[in-house]
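The same chain A turns up in both complexes below, where it pairs with chain B and then with chain C.
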Partner chain A sequence: MSATLLQVRGLTTSFRAEAGRFEAIKDVSFDLGEGDVLGIVGESGSGKSVTALSILGLIPDPPGRITAGQVLFAGDDLLKASRRRMRQVRGGEIAMIFQEPMSSLNPVFTVGDQIVETIRHHERIGVRAARARAIDLLDRVGIAIPAQRLDEYPHQLSGGMRQRAMIAIALSCNPSILLADEPTTALDVTIQAQILDLLKDLREDFRTAVVLITHDLGVVAQYVDRVLVMYAGRVVEEAPVEALYASPQHPYTEGLLKSMPSIDTDADRLQAIPGTVPSPFELPPGCRFRPRCPYARDACDVADPPLLDAGPGHAAACIRLNDYQPAARAGAA
Partner chain B sequence: MIAYVIRRLLYVIPVLFIVSLISFSLMQLVPGDPAVVVAGLSATPDEVERVREQLGLNEPFYIQLLSWYGNLLQGDLGTSFLLGRPVVEVTVERLPVSLSIALYALVLTLVFGIVLGIIAALRQNTWVDQAVMTAALIGVSLPNFWLGLILIVVFAVHLGWLPSGGYVDFREDPWAWLRATTLPAISLAMLQMGLLARITRSTMLEVLRQDYIRTARAKGLPEHVVVGKHALKNVMIPVITVIGIIFSLLLSGSVVIETIFSIPGVGSLLGSAILRRDYPVIQGGLLLVATMLLLLNLLVDVLYAYFDPRVRYDGD
Partner chain C sequence: MATEASTAAVTATVPQRRRRKATVWHRLLRHRLFVTGMFLFTLVAIGAIFADVLTTADPQKMSVRTRFEPPSLSYIFGTDNFGRSQWARVLYGAQLSLMIGLGVVVLNAIFGTLVGALAGYFRSLDNILMRIADAFMAFPVILLAIGITAALGPGSINAVIALAAVYTPRTARIVRASVLVAREMEYVQAAKACGAGDWRILRRHILPNCMAPLIVQLTFIFAYAVLSEAVLSFLGLGAQPPIPTWGNIISEGRQYIREAPWITLIPGIVLAATVLGLNLLGDGLRDVLDPRLKVQQ
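== the complex of A and B ==
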């Protein structure tokens, strides 16, 4: 791995709900190196988006609050950074694109205006120069007749084009990290592939590190170097992509892979993981996956296991690894 | 867009025709005889009959109506029974008075309504929000004539800061105009201000939850740009829609308010014309008010297209 850009340590974000506070993500840690592509995988509600939004300090407060952890970037802990510094980071050094290209662009401003304002908020540059760069960016992300599209409104563009425009906005200030939160989920399959290929090309051109959030393991296999699997707000497995597919160590990952349709094996039925994700208010006492786990044993109830070493760059939160003996919560958690 | 505006302007004609037909017919049904009012209480039945003939009120309804339309086409709205002057002249000289006050009230409504609504939304569920919303509720609930009287008692009678009534032309003395119109404008604007503050607040809260606001923040824009540019332009869309309604409330409110503040505007003219059955003035005044509302609605629709690029009027 190349020089580390971003270090997330023990990130914990909680939300206030009517039934009380709950932790949407707990103790999330990972490193991101220059030009890396890290995939974060998990079901809806597993905390993938909250992780990305927490990094940029975009969790709406109230009801959300980051209660613990560090986000180390360029020598700063972003969780302690001033508002001014955060505004520099957002869109300038760490950019983000979202799941819904339909609603993520402001309907009442032109695409050009939304790109130009981003550039002009981060750099001292004239309107003309910013417009020229916006045209160039639209061209780079594969939008035809960019000079004309610049003065169009989002509703005049197709879904794929809007996501391309979002990517153009995100790349406008040459960020070192791009957080892509399910960028293709809302798009047609053919457009999905185009957008992912675009991200891949742009990563090579701009040398941008990408955090690709998705629930699609197929996407992960094709576009990602390293994977973080999240379940019920926790990272349950982290591995290089080949290792993850070859030898998943956490039963949840195993279940996810088994539930994927494959052309090679001729299966009549897909295997689903039994049960559902626990409500954040009713987490089991020990391992969060315990109620759905085919390997569950009594020791699983004792404590939620930490990430345990499972090979080079590979870790999983399962007590079956290395004959781990969970200690009761009496001592340090 | 231009074709659209022309088409809308053509629609104004049938609408005005219907408005005048309805108001003309209604007046025939209203009890009270203008001839008696004009002739005076001490007049003999013969004198009243003579006056009725003079005013053309002895003609059948459809003759009166047709001659009224005939004159209208020549730009003649008839002559006031009581003032003895052409209706066009009387209303046109009073129109700037009413319009200046209505515009003043509209500006107050827009500025305070929108600003207070935004403040309340940004401070949602704090005491600021509650204070603004309570004030808005009170504003909506106060009858404007009562508010006008209270304002006169406090600011004109007790404190003596502002005149209790009357009107000075803006071109003559802007300061005196401002002093004369402030209390009436506030009395007129209070209801609409409360209404607008509530609409703005709820719209703003809705807009702030949208994905594109999160995008704006993720781009590193400062909060004043996120709210003042990205949110505000979206908030303005429903606000523009209610401006038409607000202006019609301002005009109808002016009948009472101009009477209370003894302001020589179209409102007080209409008020007294109604009380004294001065048919030509009522007819002409209603036509004028209806025309203004129709034009204003057209303006609102044009503005709408500016604020919401998804709205298109051409090519349908």
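== the complex of A and C ==
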């Protein structure tokens, strides 16, 4: 891995709801190096998007609040940075693209206006020069006849083109990190592949590090170097992508992989993980996955295990690793 | 070959874009009620704008010999108890009424948008601003307007201020509601993720998306303002006689309603036509601008 760009340490974000405060993500840590592609997978509500929004300080407060952790970027802790500094970082150094290309562009302005606005917000540059760069960007993200598309409104573009335009906006200031929050979920499969290939190319051309949030394990296998698996707000496994597919260490990851249909076996039914994600208000004592875990034992009730080493660059939060004994440890302490 | 294809594509899409821009107008022009409203309002507006071309009579010149002339060829709308030309008075009255309406609309648009945007976007201000708005709206419109003009003193400028103050909370509520919707849109979050600050987001990304309901609301406010101004001047709190406004004319003619009904009837009809026209205009705009209300005409 090359030079570390972003270090997230113990990030915890909580939200206030009618029934009290709950932690949407707890103790999330990871490193992102230059040109890395990190995948964050997990089902809906596992805290993937909250992680991305927390990094950029975009959690609506109230009801949300980042209660612990550090986000180290370019020598600063972004959680302590001034509003002014954050506005520079957002879009300028860390850019984000969203799930819904249909609603992520402002319907009343042309695509060009929106790209030019972003460029001029971050750099002192004339409208003409910004427009020229916008045309270049649209061309770069694979939009045909960019000079003409520049003056079109979002509703005149197809879903795939809108997502390309969003990526163009995100890239307009040459960010070193791109947070992509399910960028292909709303698109059909062929467009999905095109967009993901585009992201891959851009990463090679610009050395942009990408955090790809998705719930699609197929996407992860194809486009990602390293994976973070999230479950109920926690990182339960972190691994290089090959290691994750070859030997998943956490039973949740194992369950996810098993639930994918395989081309080799002729299965009538897909395997599912029994049960559902616990409500954040009713987390089980001990391990959060225990109620659904095929390997659960009594020791699992004692404590939520930390990430334990499972090989080079591989870690998982399961007590079966390294014969971790929470009961004995609690006794010794 | 390739360039040929792309230039062909360019020329093909240009008229298409122009057509799209024109669709709002086309749909408005196909809306029968809108066209009727537009016609009524334009008629009154032309009368107001070209008042000194359409009549050479002085609306304040009295003449004992021509008192209570019924409508005829020489006096289109007849004359009043002082022998003044009703035609001239109604036209100049239209001038003042529409000016006052316009003034109210402008003030209302400025302050309503400001208050609504602040309340909708900065949630901490919401409660305070909206409770003040509630307090204003607890009074019947005319009563509050009478109260304010009574405090400020009668006159057309004060009538504008009073009516703008009375209607601003209503507009603010409508703007606030649209801001509340727009601020949750993904493009607002996208703008934030691109580093935009609060004011930029409000100005560039939220308010332009709240324009449709505001425009519709303002046409209705125009109608209410014209009507309320007539009420205020009828009660003697607007422009003072002998300046003609529709309210003044109706008020003065009221004593002679049996002998010379045209004095009250004609400005009344014109007033009703104006308000009807504006309301139809507003309905048409609402039908066309609000995509959720795809009404078949």
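Side notes on the structure shown:
As a convention for this text, the second predicted complex is superposed on the first by the 326 of 333 C-alpha atoms of A that agree within 3 Å, B and C clash if a C-alpha of one lies under 4 Å from a C-alpha of the other, contacts with A are read in each partner's own complex, and residues count from 1 in each chain.
Here, a residue touches a chain if its C-beta (ideal position, glycine included) is under 8 Å from a C-beta of that chain, and two chains touch if they have at least 3 such contacts.
What you are looking at is a predicted structure, and each value in this text was computed from that prediction instead of being measured.
In this overlay on chain A, chain B clashes with chain C. Once the two complexes are overlaid on the shared chain, A:Q148 sits against chain C while remaining clear of chain B. In the superposition on the C-alpha atoms of chain A, the part of chain A touched by chain B in one complex and by chain C in the other spans residues 56, 58, 86-92, 95-96, 98, 100, 103-109, 117-118, 121-122, 166, 169. Taken together, the chain A residues at the contact with chain B in this complex read 56, 58, 86-92, 95-96, 98, 100, 103-110, 117-118, 121-122, 153, 155, 166, 169.
For chain C in complex with chain A, the residues that touch the partner chain are 6, 9-10, 13, 17, 20, 185-187, 189-197, 200, 204-205, 208-209, 211.
Against chain A, in their complex, chain B makes its touches with residues 210-212, 214-222, 225, 230, 233-234, 237, 307-310. In the complex of the two chains, the chain A residues touching chain C come out as 56, 58, 83, 86-92, 95-100, 103-109, 117-118, 121-122, 144-145, 148, 152, 156, 166, 169-170, 179.
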